[in-house]
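Before I ask anything, let me first share the structure, which is written out below as structure tokens.
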Amino acid sequence: MDKSVDDLAHAVAPVTDGASVMIGGFGSSGIPFGLIDALLEQGATGLTVISNNAGAGETGIAKLLKAGRVAKVICSYPRTPGSIWFEQRFKAGEVELEVVPQGTLAERIRAAGAGLGGFLTPTGYGTRLAEGKETRVIDGRGYVLEAPLPADFALIRADRGDKWGNLNFHATARNFNPVMAMAATHAIVEVRELSDAPLDPETVVTPGIFVQGVVEYGVRP
Amino acid sequence: MDKSVDDLAHAVAPVTDGASVMIGGFGSSGIPFGLIDALLEQGATGLTVISNNAGAGETGIAKLLKAGRVAKVICSYPRTPGSIWFEQRFKAGEVELEVVPQGTLAERIRAAGAGLGGFLTPTGYGTRLAEGKETRVIDGRGYVLEAPLPADFALIRADRGDKWGNLNFHATARNFNPVMAMAATHAIVEVRELSDAPLDPETVVTPGIFVQGVVEYGVRP
Amino acid sequence: MTVVTMNALDDAQLAARVAQDIPDGSYVNLGIGKPTHVSGYVPDGREVIYHSENGILGVGPTPAPGTEDPELIDASKRYVTAAPGAAYFEHSDSFAMMRGGHIDIAVLGAYQVAENGDLANWATLDETYPPAVGGAMDLVVGVPTIFVMMRHVNRDGSPKLLKRCTYPLTGLGVVSRVYTDLAVLDVTPEGFRLVELTPGNSLDAVQAVTEARILT
Amino acid sequence: MTVVTMNALDDAQLAARVAQDIPDGSYVNLGIGKPTHVSGYVPDGREVIYHSENGILGVGPTPAPGTEDPELIDASKRYVTAAPGAAYFEHSDSFAMMRGGHIDIAVLGAYQVAENGDLANWATLDETYPPAVGGAMDLVVGVPTIFVMMRHVNRDGSPKLLKRCTYPLTGLGVVSRVYTDLAVLDVTPEGFRLVELTPGNSLDAVQAVTEARILT
């Protein structure tokens, strides 16, 4: 079993126009900048991007937005300081936005990866974000029925990986990366270091079964 | 913050008659034998035991069944070779049984720990185990609505722990232990080694927030 | 509205006031903005464990210059350290902690708080501005004690403590206590009840800048 | 029922036959009982990664006597080892792999298989015996390819390949292929279709001990 890929360009080659693409990261931590740059180069467009944020400054998701490659963003917090490209595209009506509470976003992604048909969460009950959704009250508490959120691809940033696709992460760079690897049909990972030896099975955070391709990209943000 | 408890007897002291008690382990791995023995000594009775199995031989959960302390078992597989005490109590009508598919059991426990109101799973759809449950068909696939399964207490077996309650596990002894720690109001842990130094934050499997008491119990099964 | 000069706590004083009410051994989530300052004012002898939604329990102090780890940040995207006893985890576990009732206290900022405990802190009525909710809705449903920390009135003098919120809600009936620069108020089944006034202020003066009735 | 002597594979031969159909690089879950033997017969040059529901991906061979780790077992509660590239995880993650479609093939035993792909392998009609389902129901809904491996008939000669199952179901329409000691059959929209007969057996003889019709 060897899931290693030679370079970033080969890793993102399968992404098609109109694909849904999960992108790991929170703030500046755990974002697969190398894969995003390669995706920009590759040219896929009309993408639905699923991520916690909507990019900041001129890097990462902001680059994809600036280049007009993003048709829709599903995220919890598009208003990071410096998210100028998202704001510009949004105000011009060039990008669709679905705002999802952060825990619901993580749980919807996990549900897709875990083969569940949906879940009841108290989050958002009675608020604007529950409008149009099925709700129910159980033991006096209100819940919203939320659907799983899968994706065609996930771009993942990890610290170390092995050729079986096992991954671990550094500090708060885990964030959405493990659930996104679970939920995508094709999860592509940039690792700081591709280990020749298998990772210690006790320290694996994302088992290789959730990973389809892993590429070494030494740069740490 | 110091969650360490001096001995097993103090650790299980809060368990009351009629309580629901989750017990970690699968087969012979990851079972908190020390805490179960202490609970037997402590005397609590009328318990609802939530575990994957229903004990085997004369140890662990089988001891509680033999002593007549168990009113109900919620598990996926009560038919382990040597589960003679469960079979005896069951055939005599002395213990109630709820059989739950194993993945649904794990997910119901996690849902309780994660504050969800339930979830839709394809598991068991159309079978006897879905009888009386709400179902629905989504995109041609049948799902069963399953409820969260919380407990008053959890008895957990871990490998190493620290005084903040952080835990890691050895090999396949993780099994149900991490989700049960999440789902119980009061999670009690026996660890092989209580570390003076904090565990490495990268290798913590169960963060201390899910743990209420941790006691050193050097014996490895 | 009559302009009244009142004694107002500055941000540091307000953070210190909130910190007084966080018991030893609590698990606490601090929202973005003013609440992040609370961790600097924990009274001696108390250990408080801070949760940050991006996957760390046991957020430690700001790192010394030059020692920052770009992959070790908090929910405000500031560089942090890991305190002794810390743990890292992924997002679905992090929100299980929040939604599942494992965190004791959350301290949040707010646009508006209503006397029934409703909270509005994620969106205004300006539809041209992209809405951003983050983790606020998960926190308020899951954490049993929600402290709000905010200025008592808006910059234009309009009240933030209302009979009913006019902005989109974050959660219904979720706020436990409100700390403002002018007063501390509990949310009770009857409405806002005064806990204390910032020294030097009169109840009448504070009531005058509060839409909802303040019970005593 | 006519007694016919047929050529029947023994358990080892049956395991070897199933192993032929598991492609290189597959993620495979082996059920308790006969299926656990399949791992011993992987053809040279193929790497197959075995998942065990109790929290290991990359189950390796049985440990040498004296080197057993009591906390490293498989779903059958037998001592195992960890193969290179293995990972440990907890139960909700383990069943996410199963239910979420990440495992390619599961090999299961069965009491009965029906021509519509229904599987019965967890409970009989004996109500005095406590039912035990384990992970079978999760596997059959989540794993796209379900191989059943069993004797063609019961000890009393009664058929196990039926028009409709009479025992409680594990899953509806889930079986892909059945490997018995007498034949290999695919489940198709039309019913059981013969893939191959154990050498020396005639279709008529196998049909005679099969309740459902065997298509060719």
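A, B, C and D are the chain letters, set down in written order, and residue numbers restart from 1 in every chain.
By our rule, a residue touches a chain if its C-beta (ideal position, glycine included) is under 8 Å from a C-beta of that chain, and two chains touch if they have at least 3 such contacts.
Quantities reported herein were computed from a predicted structural model and do not represent experimental measurements.
Asks: Show which chains lie in contact with subunit A and also with subunit C.
Replies: B
Asks: Among the chains here, which has the CA centroid at the largest distance from subunit B's centroid?
Replies: Of all chains, C has its centre farthest from that of subunit B.
Asks: Have a look at A-D versus B-D and report the one with more C-beta pairs in contact.
Replies: Taking the two pairs in turn, the one with more contacts turns out to be B-D.
Asks: Return the distance between the CA-based centres of subunit B and subunit D, expressed in whole Å.
Replies: Spacing between the chain centres: roughly 29 Å.
Asks: Quick check: how many Å separate the C-alpha centres of subunit B and subunit C?
Replies: Their C-alpha centroids are separated by 35 Å.
Asks: Roughly how far is subunit A from subunit B, centre to centre by C-alpha average, rounded to an integer in Å?
Replies: So the centre of subunit A lies 32 Å away from the centre of subunit B.
Asks: Scan subunit A for residues touching two or more other chains and write them down.
Replies: As it turns out, subunit A has residues touching two or more other chains at 107, 110, 114-116, 121-122, 170-171, 201-202.
Asks: Listing for subunit C: what residues touch at least two other chains?
Replies: If we look for residues of subunit C contacting two or more partner chains, we find 56, 82, 88-89, 92, 95, 98-99, 141-142.
Asks: If two chains touch, include that pair; go through all of them.
Replies: Those chain pairs which touch are A-B, A-C, A-D, B-C, B-D.
Asks: Which residues of subunit C touch subunit B once you look at their complex with the stated criterion?
Replies: So the residues of subunit C touching subunit B come out as 25, 27, 47, 49, 51, 56-58, 82, 84-89, 92-93, 95-103, 141-142.
Asks: Sort out for me which residues of subunit A touch subunit C in the complex.
Replies: Answer in residue numbers: 26-30, 52, 54, 76-80, 86-87, 90-91, 97, 99-104, 106-107, 109-110, 121-129, 142, 169-179, 205, 220-221.
Asks: Which residues of subunit D touch subunit B in the complex?
Replies: Against subunit B, the touching part of subunit D is residues 52-56, 69-74, 77, 82, 88-92, 94-95, 98-99, 123, 128-138, 141-142, 168-172.
Asks: Within their complex, state which residues of subunit B touch subunit C.
Replies: So the residues of subunit B touching subunit C come out as 1, 110, 112-116, 162-164, 166, 182, 198-199, 201-202, 204, 207-210.
Asks: Name, in rising order, each residue of subunit A that touches subunit B in their complex.
Replies: Residues 107, 111, 114-122, 136, 138, 141, 143, 168, 170-171, 201-203 of subunit A touch subunit B in their complex.
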